[in-house]
Structures are given as structure tokens and as C-alpha cells.
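Notes for the one structure printed next.
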Amino acid sequence: MSIPNDIKITPELVAEHGLKPDEYERILELIGREPTITELGIFSAMWNEHCSYKSSRVWLKTLPTEGPQVIQGPGENAGIVDIGDGQCAVFKMESHNHPSFIEPHQGAGTGVGGILRDVFTMGARPIAALNALRFGDPDHPKTRHLVSGVVAGIGGYGNSFGVPTVGGEVNFHPRYNGNILVNAMAVGIAETDKVFYAAASGVGNPIVYLGSKTGRDGIHGASMASQEFGEDSEEKRPTVQVGDPFAEKLLLEACLELMESDAVIAIQDMGAAGLTCSAVEMGAKGDLGVELDLDMVPCREAAMTAYEMMLSESQERMLMVLRPGYEDHARAIFEKWDLDFAIVGRTTDDLRFRVKHGGDVMADLPIKELGDEAPCYDRPWTETPLPAELGASDVPAPNSLAEALVKMMASPHLCSRRWIWEQYDHLILGNTMQRPGGDAAVVRVDDGPKALAMSVDVTPRYCEAHPETGGKQAVAEVWRNITAVGARPLAITDCLNFGNPERPEIMGQLVGAIKGMGEACRALDFPVVSGNVSLYNETSGKAILPTPAIGGVGLLDDIDRMATIAFKGEDEAILLVGETRGHLGRSIFLQVMHDREDGAPPTVDLAAERRNGQFVRALIRDRSATAVHDLSDGGLAVAVAEMALAGGIGATLDEAPDGVSSHAFFFGEDQARYVVTCSRGSTARILETAGKAGVPMSAIGWTGGDALNLAGEDPIYLDELRRRHEAWLPDYMAGWIED
Amino acid sequence: MKSAIILFPGINRERDMARALRLAGSEEPVIVWHKETSLPQVDLIVLPGGFSYGDYLRCGAIAARSPIMREVVAKAEAGTPVLGVCNGFQILIEAGLLPGALMRNRELKFICRDVHLKVESNDTRFTRQYATGDVIRVPVAHGEGNYFADDETRRRLDGDGRIVFRYCEADGSFSTEANRNGSVDNVAGILNERGNVLGMMPHPEDHVEPHQGSTDGVGIFRSIVSAAA
Amino acid sequence: MKANVTITLKKGVLDPQGKAIEGALHSLGFDGVENVRQGKLIELELPETDREAARAQVEAMCEKLLANTVIESYRIDLV
Amino acid sequence: MKANVTITLKKGVLDPQGKAIEGALHSLGFDGVENVRQGKLIELELPETDREAARAQVEAMCEKLLANTVIESYRIDLV
């Protein structure tokens, strides 16, 4: 597929590059002539949704991105927050949705590879990875294959690379049947005075290419990520990228080794739209031109054209601007690690992006305009109306609360995810202080006592009902999860997965979610430092549930003051923090027991979140709380059941208080709540402190025994509950649960 | 005690190993690059876990043929203690220092979880801090730890007391469930004939501090340190 | 009837294993070796005795399970 | 010259992958399939043009690296 550079640019060709006619007009205006095909390719890469954020930019700007803890907000490969002692946490989340649907193993694996690269590009050593996954209906014929491929792909890459995959979340819903979501997050640690950025500086400095060779992988991958799927997308079978975690591990070590010297002026990984995006970004951010000589680019296939090299998405590659004189030093390090090293260009002072191949100039474009002049749309949007509240009396109570609880705990929505995270090495590096299965993962920094807590969350069914509430809730839930282990929430990254923004109702979902997120971030001092947007997640006009996944990071000063969800002993008091009204709209109870998804989502009271969270964190810090769990999907009964299973200790819960019906009390999903246990002796004191702090709190039962006793119900034996809770996923994956 | 950790490209548990050795009282281990051809005088050579060469071709196969391995084999034959964990075990097997083979796990999936091991003998330089019959809890994290050996090799290993660790239940009983990767005779770790080379799939180096959930693995490192004293 | 299925990566698809093996062969002194690619071989037996029917069955197995046709191609040999 | 090396598990060596594939084929409805075994195929090119010399070289590669002769056997086809 050799593409000559002088090919005539037709409207069809423009359309195939995902550019609208008016966007093409703008290109003509900008450069004052018809572009070459290589130039068209470069524009299509820079101006597609994935790289330019043309539909979301105006709204992303409204998010709060600052705070005393923020060292680097959005705009770089990853966000950076201060964690004290001259160290910082570097993190970001990114989507790899479309590629994972087409080839789940490689798609998910390269997604992990991409986000790890974003983190170590900045000079940070990755210490943890997380992933947020959404699959279609378990009954859909493709779901099992996708789950198995995605999980194997994430594990295969992270395990080999050597980062612990410590957390994540999984949802199943028919609205993801044709568009699964694979969002990967990585967190790294760097020394604050040794972080690296993308902006080039200095004229005439060498630009070097590092890592693996360039092949014809994923050409048009970035454009693919911005196109709606049609029925025929499976036939198109675009070239997918194959990941090489081994090469990435070598790249990590080589980069960090080189960064110990003063050799690196600027660095940018080659992700979406590879060489094009990375080179343009380094130049444009540094107010410099860039000249590349493609004859120097290490290729693994013969006769690659300029067009192909500029758009290739081969993985495990980096671009650097080196300080002159350090070329040999850098080359020696990369050769030691058996990686390719080539000087492929230099910085210039003319603000042009010039690409030469075989002595000819294949592209010569104004570098700033490639980024700055990218289209930006304020797309029309319509607000999603808030659905009517669903009272508890509109939702039939189950015959048995105990049976309902077991059924919910054994459902695809709440069953144990062990089958997944046991395929991830979640212990490597020896710093995993909280393994998957709790509220937030906790990973110690070096030898401690400091640790990072992290969590990814969003409740798409709430976002579908009312995007603004859903956006708020997602941020609040991450904050709560981090709080529940005793950590101080620092900042978030996000991955905004939506349908086609050209439809006003979808655009309205995006706008609503961002508004809600922004409000929560402000109220909780939890700024956004990085993120990613994935639009056009639709098949044949049917969009996914709006899914603004939030990844948060918090700081735990001392791992000896950390809470876990497991009950610690017999005969401890169980306390409920927060107000329980019994909100059943959009609850898991409604979904599992009644196959319904209606009503309004629970209200998010950010002042209550903040107040209750601060109170719980204080209880953990002064060691009053022996176990802590935040309340989310499935409500109180599910939270207590999870605490009982984790500790291998049963519990007995009192009846619902007056004014709240039993099923609403046990299964309602009101926000800003936690379950806490403490010794009997300290209960009165704790309740009194809560009262003074204005935090609603009540004693609701005690721990002990080998069963869970919900007031007036038959006991649920933990062994049986555990068996049911653990069974669904492995049984489903083994094919024992029929489609 | 002086120790050396051999670093092959793709190895990723060398830090965990170095920390475990430090905590057990070893001097800071020397890291030796695979392209080296000589080793310093040490009391222990460690081949840590990871994915040397991406585990491509066969786990450990390519690393076993790198320059430093000639020196490791020579030292092992001269009696220097050698510990290979996970990928390190696979490399020792590929290098011919230990018998048998490590195949894909029975269920073909990577498994990361805590397992129980029965210490079958404390009469080794690697296990003297345990009692024979002790059950310890340490994690595994591998996709290819399914130990295989022909009948004769197995009989010899067993007869010579060279099966040092077996996968077992918490109460020390043996079951298929406890032997998740499908190893023959529940084998988790074996010694060479001379008793100075131990290969094991589980990661004792990740259970050496209370915060990691257990300190059961530390006995191996303390045993090595005390044997070297 | 016995069938041998050979599964290889499509042209242009990165083959990290092949790359690593090639590197290892070079450092073992087999300098000139190049274009090393790794594939899979699956041998199986099936009760079908008619060649055409057998081929069709194995093809169905390849499409449904044995090969990842996004990145791999396969060849069937009946023996 | 090109060479194809096929590496298969020796008889008597348990093949977990083959077994798993067989199970999967059964659950996909290919009931009668049996004795599924998985092996490796390694394709490579070498500068040697003499067939005998080439075979000897590839044999050396197999013995030294490509096959684990404890559990695997190999076959070399020059093409």
C-alpha cells in the first residue's frame, strides 16, 4: 500500500480522513494551497476528536484544575500532585475502547501500555495500574469472549511490564453490547525536581527516536477511535496494534536511566497518531519548528511511505529532544537495553513542521496552527430532565430480605471480581497494602510509612438518569472510597466515555456530566489534573450509557493508620454514618429484583459528603474505627455483607428505623454514607462526637457469629454467601451459565 | 552476607528480592547485568522473578543462554548457593541446574494469590529456620508454574528429599484445589542434588513484612543468611 | 481423520516473540538468521472421514476458536 | 534459505493447552474432536544455501535454544 505524495485530494479522500468539508476549507485557508496526502494525514490525525478534543474542549475548560497540591494540571502526558518529601504522584487515565472491541487481548494490552508510557514519559516510575471496564449483557454472544480477552490483555501487559494492577471496576449492561469500554489508569512516583515535560527548547537540538521499530500498525487508529461503529465495522478489521510489554519494560528502564543525567530537554511518547502528534506537540509547546528526516526512522517493514510513518501507531516508541553533546551517552544506554535509537530530526526557529523523506519535502506545515487552529465546536445540547422520584412504596418489598441480599450478591452486578484480579499481578513491588476487593487500593511509597490510595468509579445508570447528578456522584464516590481507607483525597483524572456528540441529547449528557463533576471537584477540593475523552461510542445510532469514569488518588501519611473493610473482631458495634432515606430509584435492588431501571438517581449532597468524610477520616486517624466501608451499589446490607465476608465474621443488624421501610433501609443507595465498626466501649463517645460534628450516625447492630442476621430474617451463613458471591463470574466464564 | 542478584532484561521483581534480603540481614545485594561474564565472590546468587525476554519462546529459555549464566552454572557447580524464584526457577531449569520443566498453568491463566506451602524438609540451607511440616503462606504470581518431570526424576527427587515445598491447604493437607497450577505431586520448589540450588515458583520475598499480609517468607532469607554466617 | 492447523501472524503484524528469538539466535552466534516469526501448530483428530466435510469442520474451529483472525491466518492440512 | 521448525511436546508429556483447547472445542459443539495437541512453529531465513549445511545449522539452533529437548521434539523443513 504505497501512497505517492502527489496523489490528488478528492472530497472522498477528505471524508475518509474524517474531516468535514468546512474543516478542509479551513486547512486550505491555513496553508494557502492544496495539502499533500501526507499533510492531509497529519491534519486528520491532529484534528480528529481524539487528539483535538474539538467537541469537548469548551466544556473541559470549566473544570477546576488548581490547588496547592497540584504541580501539573491537564495539558501534559499526565497530571502531577505533590505528596510531600520532595516526591510527587503522576497519573492519568485513558480509554482504549474501540481497539478492545475489535481485538480484546491486544486492544486492552496496548491500552495499558499507552497509559504506562504517559506516566514514565514524565520521569515517574509506575507503581500501580487500575482499570474500569464495561461490557455488554452477559447474555450477549460476544460478551464472554470480550471479558476473557480484555482481562488477559490487561494482565498480560501489566504483569510482564511489572506494575501491580491493584484496582478497577466492572459493569455489565446491554447498552455496551456493541461498544465495550476499557479505561486504564496508571500512577507513578517521581522526584518533584526531576519531572520531564513535552515542550522542546533550543534551536538546532537533536530529536531522537527511541524504542521499537515502526510498522504499519494501527494506521488510522486515532481516526477510528473517533468514528461511530457501523454494522460493517467488524469486516473493516483495521490493522490492530500488537503490544510488546517486554519492549516497554526496557523502554521504561532506559528512559529512567537516561533521565538521571541532564540529557533530556523534552520527551513525548508516541501514542495516538504516533510520530505526528508527538513531534508537533514538542515543537508547538516550545514555540519551535520541527524538521524530521524519515529516512532515519527505524522501520520494521520495507518501503514504508511518509504517510504511513507519520500515522503509524506502532507501540513502545518515544521521541526526545536531547541536549546537544549527549547523543552518544543516550545511544549507549538505549543500545544497552537492546532498543532502537536514531536521530531523526532537529528543532528549528521557523515554526514549521517539515517532514522529509528520500530527499523530498513531504509535508511543510505551520506547527502552531496544527494544534491551536484545530476546530473547536460549541455543539448544541439539550439537558436531560431529572426523572421523577421513585418512592419506596412504588417498589415492591421482597418476600425475604435475606434471599434478596443473596441474590444481589450473586448477580453479575455485585458478585466477586476475584476471577479478574487474580489474573493481574497485584502484589509485585511488594508495596500493595490493600489488595483489590476493598474500597481503595493502597500502595506504599518506597518503604513507607507514606502510601497512595486510589480508586476508579462511576455509576453509569445514575449518569443515564441525570448526567449532572451522575457526574457529581462519580467524583463523590471516588472521594469517599479514598476517605474510607483513611487517606486524604488529592486530585482526579477522568475518562469521559459518551456517544455521538453531534446529537444534542448526547452532547447534553457530556455537558451535564462535566458540570456535575466540576461542582463536586470544587466542593471537595479535588481538582482534575489529567484525563481523556472518548466519544462516538455508538453502534447503529445506539449510544452507550454516559460513562464519565473518575480515577482518584489520595495520600495516606502512615500505613499504620489505615482502615480496611474487614470486620476485625466479634462483638464490635456496627455504626452507620450519614443519612438514610431509603432511595431506591436506579438502585441495584431495583435492577436485580425487579428488572427495572427507573426513577431519579440519589441526590448528592456535597456538604454532607465532605462533613461525613472528614469525620470518618478522623475516626480512622485516631484509631477509633476498626473497620470502614463506604456505601454504594446495593446499599447498607451489601456493604455489611462485604465486610463480613472480608473478615470471616458475621453480623446482626437491627430493624429499620421508624419511617423507612425495610427494603429501602437495607438496599437504598443514599449517598455520603459509611459503615464503621468500633469496640463496644467506645461507641457512646463516638456517637457523641458525631452529634457534635453534625454528622448523622447511629448504632445499627453488632459483629459476631458465622452468619449475617438481618432483623427478623433467617440467618445467611457466610460460607454459603461466599460460595454464591464467588461463583458467578468463574461459572459464567467457564460457560456453565447459559447465554 | 554478600549476595548478587542477576538482572536479565524483563526481570521485574529484583527490588522485592533486594528488600527481602536486606530485611533478613544481608548486605545490599550487588546487581549483576546479564551481559557480564564474571561474578563477584558472594554467599548467594539470586535469579529473581519477572518476564525475562518477555517469556517469549519458553519462560526462561533465552535468559538461560545469556553470557552470565555460564558463570552462574560454574559457581553453582563449585557450591555457591543459588536461589531462583518464579522466572528464576524457570531459568535454572532451562540452564540445566534443576531437572524437569515448567509448563502453562492447568487453567491456562495467570494466577496471583496467596498459597500455602508445606515445608517438606528443614534440612537445607534454605529452610533451616522452619520446622519440617510447617505450613507457610506466600503469594504466587505466574502463568507457567505447572511443574512436570518424568516418573524416574520424580521418584529420585522425592527419595532424596529434594522436594522442599509442596502446595497444600492451610491445614497442611494436599488437594487438587491447593495445587492450582497443576504441578505433579504438588511440587512448588526443588533442590539440586548437591543441595545448594533451590528453585521455587512462589514469592517468599513478597511476604516479609506484616503490612504485606504475612511474614512467612522471611524464614527462607534468614535461613540463607544464617547458613552463610 | 487427523488435521494439522498452522496458525501464523498476518504479514505486517508485530511479532515480539519472533523478534526476541532472533535476537537470542544472534547472540548465540547464528548471525545471519533473519525474519524469524513464531506461529502455532495445533494437531487434532476428528471422527469425520470425508475429507471435504472434515476440512469444513476444522475451518469452523479455526474461525470460532483456534485462530484470532484479526491478526492471524491459518492453514489446514489433513493427514 | 528458509526453514520451518515445528516443535511438539513429546508423547507422554501432559499438554495443558491442548487439553484446554479440546475442552473448548467440545463446548462449542465439536464433540468428536480428540487428541488435541499444541505445538510451535518457528519460521526463519538463513544465508546458507547448501541444504545439508543449513539443516545442520538449524539443528544446532534447535538443540541450543529453540526446543527444550527434555519435553519437546522438533522437525525441520527446509523450503
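Per-chain residue numbering starts at 1, and chain names A, B, C and D are given in the order in which the chains are listed.
Throughout what follows, a contact is a pair of C-beta atoms (placed from the backbone, for glycine too) under 8 Å apart; a residue touches a chain by one contact, two chains touch by 3 or more.
In UniProt terms the chains read A = Phosphoribosylformylglycinamidine synthase subunit PurL; B = Phosphoribosylformylglycinamidine synthase subunit PurQ; C, D = Phosphoribosylformylglycinamidine synthase subunit PurS.
From a predicted model like this one, the values you see are computed outputs, not experimental measurements.
K.L.:
Go through A-B and B-D and name the pair with more C-beta contacts between its chains.
P.N.:
A-B
K.L.:
Would you kindly tell me how far, in whole Å, the mean C-alpha position of subunit B lies from that of subunit A?
P.N.:
Using C-alpha averages as centres, the distance is 36 Å.
K.L.:
If you average the Cα atoms of subunit C and of subunit D to get two centres, how far apart are those centres in Å?
P.N.:
The computed centroid separation for subunit C versus subunit D comes out at 10 Å.
K.L.:
Where the CA atoms of subunit B average out and where those of subunit D average out, how many Å apart are those spots?
P.N.:
29
K.L.:
Could you tell me the distance, in whole angstrom, between the mean C-alpha positions of subunit B and subunit C?
P.N.:
34
K.L.:
Could you list the positions in subunit B whose residues touch two or more of the other chains?
P.N.:
If we look for residues of subunit B contacting two or more partner chains, we find 53-54, 56-57, 61-62, 65.
K.L.:
Please set out, as single numbers or ranges, the residues of subunit C touching at least two other chains.
P.N.:
Those would be 16, 20-21, 23-24, 28, 38.
K.L.:
Pull out every residue in subunit A that's touching 2 or more other chains.
P.N.:
244, 246-247, 338
K.L.:
If two chains touch, include that pair; go through all of them.
P.N.:
A-B, A-C, B-C, B-D, C-D
K.L.:
Under the stated contact criterion, what part of subunit C meets subunit B in this complex?
P.N.:
On the subunit C side, the touching residues are 16-17, 20-21, 23-24, 27-28, 38.
K.L.:
For a test of understanding, state which residues of subunit B touch subunit D in their complex under the given definition.
P.N.:
57-58, 61-62, 65, 94, 99-101, 103-108, 146, 148, 150, 182
K.L.:
Using the touch definition from the top, list the residues of subunit D that touch subunit B in their complex.
P.N.:
Touching subunit B: residues 12-14, 16-17, 20, 64-66, 68, 70-71 of subunit D.
K.L.:
State the interface residues of subunit C toward subunit D in the complex, per the touch definition above.
P.N.:
6-8, 18, 21-22, 24-25, 28, 30, 32-48, 57, 60-61, 64-66
K.L.:
In the complex formed with subunit B, which residues of subunit A make contact?
P.N.:
152, 155-156, 159-162, 244-247, 249-250, 337-338, 421-430, 432-433, 435, 444, 447-448, 559
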